[in-house]
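Below, chain A partners chain B and then partners chain C, in two separate complexes.
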Partner chain A sequence: MISLAGRDILHAWGKFIFTGVGLGLLIGVTLTMAGVYRGMVDDANVLLDNSGADLWVVQQDTLGPYAESSSIYDDTYRGILGMSGVARAANVTYLTMQVRQLGDGKARDVRAMVVGITPDGPCHPGQPGYLVDGRHLTRGHYEAVADIATGFALGDHIQIRRNEYTVVGLTRRMVSSGGDPMVFIPLKDAQEAQFLKDNDAIVRQRARTEQNPALNRPGVPGLLDAVIASQSTNPSVNAVLVQIEPGADPDAVAEPIRRWKRLTVYTRAQMQDILIAKLIATSAKQIGMFLVILAIVSAAIVAFIIYTLTMGKIREIAVLKLIGTKNRTIAAMILQEAVALGLIGFVVGKISATFWAPIFPKYVLLEPGDALRGFVAVVVICVLASVLAIRAALKVDPAEAIGG
Partner chain B sequence: MDKQHVESSARGIRIEGLTKRYGEGDTAVDALKGVDMQVAPGEVVGLIGPSGSGKSTLLKCLGAVIEPTAGRMTLGQDVIYDNGWKIPDLRALRRDKIGFVFQAPYLISFLDVTDNVALLPMLAGKPNAESRKRAMELLEALDVAHRAKAMPSQLSGGEQQRVSIARGLVNRPPVILADEPTAALDSERALAVVRILNQMAKQYETAIIIVTHDEKIIPTFKRIYHIRDGKTHEEAGEGRSFD
Partner chain C sequence: MKKFLSTHGRTLALAGVLVLLLGLLAYVFLRAGPLAPVPVTLATVESREITPALFGIGTVEARYTHKIGPTFAGRIKRVEVQPGDHVKTGQLLGEMDPVDLDDKIGAQDAALKRAEASVLAVEAQIQEVNARKSFAETQAKRYEQLLVVRAVSEEAVEAKRQELQIAQASLSAARANLEASRQELARVRAERDGLIRQRANLRLVSPVDGLVTRRDADPGTTVIAGQAVVEVVEPGSIWINVRFDQQRALGLRAELPAQIVLRSQAGEPRAGRVSRIEPHADTVTDEVLAKVAFHQRPQTLPPIGELAEVTVALAAQKSMPVVPNASVQRVDGRLGVWVIEDGSLRFAPVKTGATDLEGRVQILQGLSDGERVVVYSQKALDAHSRIKIVDRILGKSS
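Coming up: the complex of A and B.
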């Protein structure tokens, strides 16, 4: 027996390829949407991995530092360092902002997450793990290590708020949970950047402080200067990142910090839950909605195409029935055509998604598992979509082939 | 009825008192009102009648496409219908025992000429190679073998009709039903088609019934059934030869 579906497809191959490619682009979009979600989850995990922390110590009752703002004193880490099970602890600040690249013809703004770290060198919590080029931060000021996704190169000058920094190192896959590339700068600079006012505001604040008789007391020399200095420095950081000693239990180390320091402490698992279940939950639902709509649209397209193709073959189907073709054979023909259309679509979709995923500004992670699930969904959709056409075909009366 | 007659009718197709009523109640139409007919193997008969007389209805009953309301039909030794009873698998009966040739050839557009013909033995479970071999034999006999690899849309009307005749014959059915097979052809080709059908009837011992309006071919029948108002009466034809 020959394959009726195969012959029909070969005969009408133009139609099949055309609709298959159209469907394929739709499937490609669907796979990409799933990839965008996977990319967000992966970004979150990479963010946690790259922070090099086992515990995140944040302001009490906040979901900081990634999901909510958190502010704690920058000397807190010293107390934490002394607690049992803690190997290393370091302050960190996070601030998402526009970073300006300087230089003739290179001037542009890049949205980045500016991370303030103590320049203790690699392996310390908060440090960029490995560099693709250049060196780590060594000086306390005006140096930056940037993710290559920012587009910055070694030696570039960038401006963050009022200060200018030189890019001394480049790293990769260091992104915020929102997918923005990171720029690491020394903690002191970052603290300033986060809370620094512009020159006019500083001048106005200084004037106001001078006019305040409680602070500007002629009898107390040095008070005004001390107050102004305290006003313009900022003793806050967003979190303390803690590495625990090998073999220590994160929960056991976290518990005394919670109790004695009156701070909130998250373990890696809890942090992951915050990022994935809370921070990107809405985006995930958004993407889920898209997937549902795309699935419905694909199903409608396949159903419509297969129905139209079948209606175009009514005469043939009547003749096939008249000469004794089983209903099963006719149904199989339509089903196989629908599945073939789905296969063409899937192949085109997979190829186009692979092709365009790297061009996306945010990380798109195409997982083989998603491709497999997508494939199964495509086949199921095609089978369901052919039901309409099969019903119509089975209703065809063989007498129609004889006519009146 | 003499013994000889019974013998031959036992191998051909035979209907007795066949009636067909469409619909029910007030709107019921009695399309066939007791038709008797009998065609022996190797015989070609004409079925002619005015529009609405029941030709297509009779052909559909003979072709096991619709069921008669009452009456009896036998095909060779097999009883097909008997007053409301019918054999269970009409589909297989159509596939194995009845060949159809239509006014429009109705070839399967996505199969080439060979496979249009070979499809029938394939459907009956014959291997592809054997089916194609059989198809080629018939295509050669019908003088269209040189177009064996063409698609139906690439054939002339006459070629298409010959392919559809090959399809009708390929399973060696005991009965072939042809509905206006020459309506689309000029008189030369129409006569050629009827000549082929006569040859095939002889060669394969097939009973052939041709429904037609075609004045060009009516004189070729030896026997003609006239149908009028749902009833048939038999008449001798001119039986003119083709030369």
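Coming up: the complex of A and C.
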């Protein structure tokens, strides 16, 4: 028995393929939008992963360090190191800012999250987990490890506030929850960068202090110097990242720190909740809403295309009926064509989404699960659409083949 | 026949398109999805000596800083020097307003003259008394002789003897007067000297050959006792006060060679030497403090307080297996490296030792020479990751 669908597709194969490709591009956009949404969530998750922490110790009653600002003294970590179950603890600072690349013809600004880490030994909490080039920080000052998304290369000089840093290592997928690439610098420099601002601001701050009669008294030489010196130190960090002993229960380790150190401690699950439920909630919902609408619109367009494709062949169907073709055969033909169109569309969509996803400035995560769901959805929509078309086709009067 | 060919052609074309699509799909699934292999680069573990080094930053400081100011509160009369001036030992830098000190010295001058005159007067008095005494002696002697021949009365002789005694007493009194006048003269002279010293103390002089680095107050300013007006440093005593992270400071000691890069002369390192490690560490910043001196004094004195980067080479470590620090990972709380064995990954826990500034880490335990370890990877690895070994992960351009 010859395949009616096959013959029909072969009859107008160009039209069929182009319709499929068009449909595929639409499906590709939908898949990409799902990827954008997944990418946002993934950005939040990799932020947690690449900090390498099991617990986040932050200022009391804040949602820091990612969702809110948090400030604790930089010697707090010593007390935490002494708590039971704590394997390693390290200070960390986060500051989202413009990082300026220096050099002739290369000068430009990059928005980045500057992370201050303690360059103590390999794999200390806060350090990037893996590199794609270069090395980790070894000096305590003026070195940087950057995410490749910043566009920096090894040996580049970048300026963060008042100091110049040399890029010594490159890493990948180290981003803030907002998708800004990270630049890792030594903690002491980062503390200074967070506090000291630029030279102009420092000079103005000094002038302001000098004009304050309470701080600049004629009879007390040295007071002004002492005040200015105390203004230009910053003993704060944003959080302490804690790695716990293997096998220890995060909650059991966190509880004594909360109780006795009077700090807020988040476990990984809580931090994930903060990031996904609070920090990126609105923008994720925004994208999610758009995704839903896009999916509905795509489904509608797929259905219309199949319906109109069938309607375009209504005369041929009438002829088929006239020569006594069974309804089942006609229905099978329409169904097979619809599903074939859907399959081509899905394949084109998946391919196109995969090829254009890396071009996006922010991360687009195409999950196999999403692809599978998309595949099922495409097939189901095609089947439903073909049901409509089949109903219309079967209702056609064979007489139309002659009379029309 | 034509129709057949045409159908056949169309089938071929359609099949071609479908095969192309399926091929692309397969490529997409195998290269971009979770099934895609992770590009990694490898390094071979090899034993070598590493020379750990210590990197710290510090500021240019002078070993000796002389802050010169008055010892009494007062107003500045003049300041003779400006920052940057070279001064000699004993050179006048400035002077405080003496207010009434000169008048007091004038008064003391007058008092001194008066005391001197009074000494002269008393001396004259002594001469006079001496004259009177010698006359009285002569008279007394003569009357004694006259009494022997009974030419005068006893009473007259008594009177002459009394006159002599009075003259002697007058002489003693006059001598005592002279002593008092001399003491008074000494007192007045001492007081005057004291005032002159005080006056000299108002002059601000440099205690050393050096460079004026600050001028904190100008003429007319009232300063309190001990407040610095001018600061002088000895250019030869310039050194760098460096802070090193305690974590890496093992092996830091005096006399180690160091390299100093001044911020204003970045790229031009100067040779130096660790002079001493401070007995006190900084408890707030967890840093060890050290002083690093230049081998050769810079031609132009770097500004005091300029930032300097100091790299101290520590003693070379004995040859041991070494890997790049990018290859060391922490998996499930254990430190280790990913070793390639027969094309598959194995996590080898290691114990790390010293590191150098180029990012090489000694492996004390867990690896041996010749093993191939993963250095860079496109993403975090686990034991089931499929890998693809490449030369570099990033293109040549970056």
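Simple rule for what comes next: the second predicted complex is superposed on the first by the 387 of 404 C-alpha atoms of A that agree within 3 Å, B and C clash if a C-alpha of one lies under 4 Å from a C-alpha of the other, contacts with A are read in each partner's own complex, and residues count from 1 in each chain.
Following the convention adopted for this analysis, a residue touches a chain if its C-beta (ideal position, glycine included) is under 8 Å from a C-beta of that chain, and two chains touch if they have at least 3 such contacts.
Remember, it's a predicted structure, so these values are computed and weren't measured experimentally.
> When the two structures are overlaid on chain A, which partner does A:Val227 contact: first (chain B), second (chain C), both, or neither?
neither
> Answer with first, second, both or neither: which of chain B and chain C does A:Asp133 touch in the superposed model?
A:Asp133 contacts chain C only, not chain B.
> Between chain B (first) and chain C (second), which, if any, makes contact with A:Ile402: first, second, both or neither?
first
> Of the two partner chains, chain B (first) and chain C (second), which one does A:Val297 touch, if any: first, second, both, or neither?
neither
> In the three-chain superposition, say which chain, chain B or chain C, touches more residues of chain A.
Touching more of chain A: C.
> Considering only the touch criterion stated at the top, classify A:Leu10 as touching first (chain B), second (chain C), both, or neither.
both
> Per the contact definition in the header, classify A:Met83: touching chain B only (first), chain C only (second), both, or neither.
neither
> Once the structures are superposed on A, label A:Asp49 by its partner contacts, choosing first (chain B), second (chain C), both or neither.
Touch partner of A:Asp49: chain C, not chain B.
> Quick check on my understanding: which residues of chain A belong to both its chain B contact set and its chain C contact set?
Touching chain B in the first complex and chain C in the second, residues 10 of chain A appear in both lists.
> Any idea which chain B residues touch chain A in the complex?
On the chain B side, the touching residues are 56, 59-60, 63, 65-66, 91-96, 100, 102-103, 106, 108-111, 115, 119-120, 122-124, 128, 151, 167, 179.
> Touching chain A in the complex: which residues of chain C?
It comes out as residues 7, 10-11, 13-14, 17-18, 21-22, 24-25, 28, 32-34, 55-57, 222-224, 227-228, 244-245, 247-248, 284-285, 309, 324-326, 328-330, 332-335, 352, 355-359, 361, 375-381, 392-394, 398.
> Under the touch definition given earlier, write down the residues of chain A that touch chain C in their complex.
Chain A residues touching chain C: 9-10, 13, 17, 49, 52, 75, 87, 120-123, 129-136, 138-142, 148, 153, 168-170, 172-173, 188, 218-219, 221, 235, 243-246, 344, 347-348, 350-351, 354-355, 357, 366, 368.
> Okay, in this complex, where on chain A does chain B touch?
1-2, 4, 7-8, 10-12, 313, 315-316, 319-326, 329, 397-399, 401-404
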